[in-house]
Amino acid sequence: MPQVTVTRRLTFNAAHRVHNPALSDAENTRLFGKCNNPNWHGHNYSLEVSITGDPDPVTGYVIDLGEVKRIVEREYVSIVDHKNFNLDVPFMQGTNPTTENIIIACWRVLEPALRPGRLTRLRIWETENNYVEYEGR
Amino acid sequence: MPQVTVTRRLTFNAAHRVHNPALSDAENTRLFGKCNNPNWHGHNYSLEVSITGDPDPVTGYVIDLGEVKRIVEREYVSIVDHKNFNLDVPFMQGTNPTTENIIIACWRVLEPALRPGRLTRLRIWETENNYVEYEGR
Amino acid sequence: MPQVTVTRRLTFNAAHRVHNPALSDAENTRLFGKCNNPNWHGHNYSLEVSITGDPDPVTGYVIDLGEVKRIVEREYVSIVDHKNFNLDVPFMQGTNPTTENIIIACWRVLEPALRPGRLTRLRIWETENNYVEYEGR
Amino acid sequence: MPQVTVTRRLTFNAAHRVHNPALSDAENTRLFGKCNNPNWHGHNYSLEVSITGDPDPVTGYVIDLGEVKRIVEREYVSIVDHKNFNLDVPFMQGTNPTTENIIIACWRVLEPALRPGRLTRLRIWETENNYVEYEGR
Amino acid sequence: MPQVTVTRRLTFNAAHRVHNPALSDAENTRLFGKCNNPNWHGHNYSLEVSITGDPDPVTGYVIDLGEVKRIVEREYVSIVDHKNFNLDVPFMQGTNPTTENIIIACWRVLEPALRPGRLTRLRIWETENNYVEYEGR
Amino acid sequence: MPQVTVTRRLTFNAAHRVHNPALSDAENTRLFGKCNNPNWHGHNYSLEVSITGDPDPVTGYVIDLGEVKRIVEREYVSIVDHKNFNLDVPFMQGTNPTTENIIIACWRVLEPALRPGRLTRLRIWETENNYVEYEGR
């Protein structure tokens, strides 16, 4: 059976501060520089959600991407959009919101929510010059 | 020998209707929503064709991408560009033209045509928010 | 009072056929080439709606772009998205749906709907390689 | 003398909250919705700075865009990048940081700093779907 | 009669060196820095050609953009693509190939070639971070 | 331990000529066409550098992308930016600067420089229509 990967892109924007509360302010400044600004900064994030499978013989879809959009908006984007990753997002509490930690938490939220669709890759662009990818392992 | 993947992007636009003629109209509407419009809709598709191999010691090319462009235009783009996927494309007859089925049919056309170049990935963007990928297996 | 222009971008996709029914088939083919395909083709359109004014002293907005989005979706995008410009769009009936004619009709729909916001420019991208602009005069 | 407009694009990211302190919280929520989140949100901004003039006969430049970049980074980007528009930016104090107000303040900073270059247009993209333009009048 | 502006985008790539032969090498280095490298550097240029007019009542076109593409390719792109602006381009001889001078020379070539179409704007992107515009006066 | 891939994009521009000095001029012309122009041509290259690892528990980073940027600028971009790949770049001497050979040489430079970061993929866009990828094997 041919395995096709389908991807839906969604965007959101949020504030954050890269900060480890277990470290001193001086250490946070040294490690994170301007990303540690106590008054926050923010980004337009672009999230790509990829699901792999064989197309259904009846629909021709691996999964209905309209349904993927609805699930990702309900389970993830509505929680983080126009929010502060450090203060407002329950599943990020106690986590330093680097893009690496954001994508791992995003996987934990979306992987079960998208079943039986099989999530195989997330990609998050933080700016036009950097992005992260995670395949769940 | 180092294996490099080279990719050529080409664009085309086409009309289609996501529709399974084995199902009732009501069922088609339920499954495919506005994508089932009987009067068609359409997209600007962007197709990325990737070929992997070791660069030829004489040319420094895995494959001449100008030649890839000519083959893909002759064998695929000229058949689908400014056409209707449901009505005009011989190798899509009897196939519901979801992007998943479009990419599988595209692989069947291009994989033999590009030999001895080794096609390893196709990616098709249907809109700026969704794309599909297929590696031929 | 400083005049600022604010722009909201929206996307939709549609099928069309460039065709003048007053001309013979041969003449239509000669004038419009592959764009005259009787089985239609289609595009992902990107529409930019620009409104000019001085920012409101209370809100800091020329106009609430969320409201612009709602108006443009209700009055225009919902009528044309996933539709056929020749067959499905009431305000395009009897009009050859070139991008020029599409943008003039779009202005006629949006200019009154956006008042008291002052529409000053529309831009429509038909493909990544061509777009049209209209300032209402 | 031919008048050419040259443009340099720069990017930065910042947090903000659309909020008018003269209004009640309820009124702020009603007017600004999710953009009023008290914990802030943020954006990747893209700023386009345009200068018009006739090319210098010796250099062939209207203005050295490397010099434009240095001025804009020193006078504007270094003040706002990775900052909070409401809390950290001296020339935005007391101003509701809508994109309209951001671009007017940006003009006030850059227009004198770029002289004798003649600033003729600023454009700021707040997201991929909205931008503002200002020509200084 | 409504005036619509239609734009066709074309791309090409070329080598150049920003250099004024009337100046000393030291002066050229001081003025142009790394852009003065005697061994050249190069760019992917993106050229936007805009023509304004009222749509023809028969065709619905201001001008056939396919014809614009053919004219611009024949008269300009075929002369500069994969070429060296300082050495290979007849209409740039004796001209320092800054983007300003490139766009003025491009206008001189295209404006008569596109008649009776009325060329109203050229825009040339030299990199993703800088572009120039010229309206022929 | 979750393995995340982080990517930093950087841009540069350079001149080159696709040419094999071991072949005759006629053979070079036949093989490389306009890319063999003896007076060079050039491109805006976009380089994506990807590093894979588990996020550090203290920083939340796989690697500090600011540090990646500094290393790639110092070890690679500063050597090739605004340069001629055939004439100016020490580690390309004797190599035909196809994008395939450029990416292999880039890997040889960056892989040791980025350690202990584990370089897992390079991608280089030569134009908006073609790119190459290399995973070091």
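For reference, chains read A, B, C, D, E and F in written order, and residue numbers begin at 1 within each chain.
The working rule: a residue touches a chain if its C-beta (ideal position, glycine included) is under 8 Å from a C-beta of that chain, and two chains touch if they have at least 3 such contacts.
None of these values were measured; they are calculated from a predicted model.
The chains in contact with subunit A and with subunit D alike: there are none.
Counting hops only between chains that touch, subunit C reaches subunit E in a minimum of 1. Comparing each option in B-C, C-E or C-D with A-D by residue number, the pair that reproduces over half of the contacts is B-C.
Here the spacing of subunit A and subunit B, counted between their Cα centres, is 28 Å. With centres set at the average Cα position, the gap from subunit D to subunit F is 33 Å.
In terms of their C-alpha centroids, the spacing between subunit B and subunit D amounts to 41 Å.
Residue positions of subunit B touching 2 or more other chains: 128. Of all possible chain pairs, those that touch are A-B, A-D, A-F, B-C, B-F, C-D, C-E, D-E, E-F. Residue ranges of subunit B in contact with subunit F, taken from their complex: 2-10, 50, 55, 58-62, 64-66. Partner subunit F is touched in their complex by these residues of subunit A: 18, 20, 22-23, 31-33, 95-101, 103-104, 128-137. Contacts from subunit A toward subunit D in the complex involve residues 11, 13-16, 34-35, 37, 39-44, 81-84, 87-88, 127-128.
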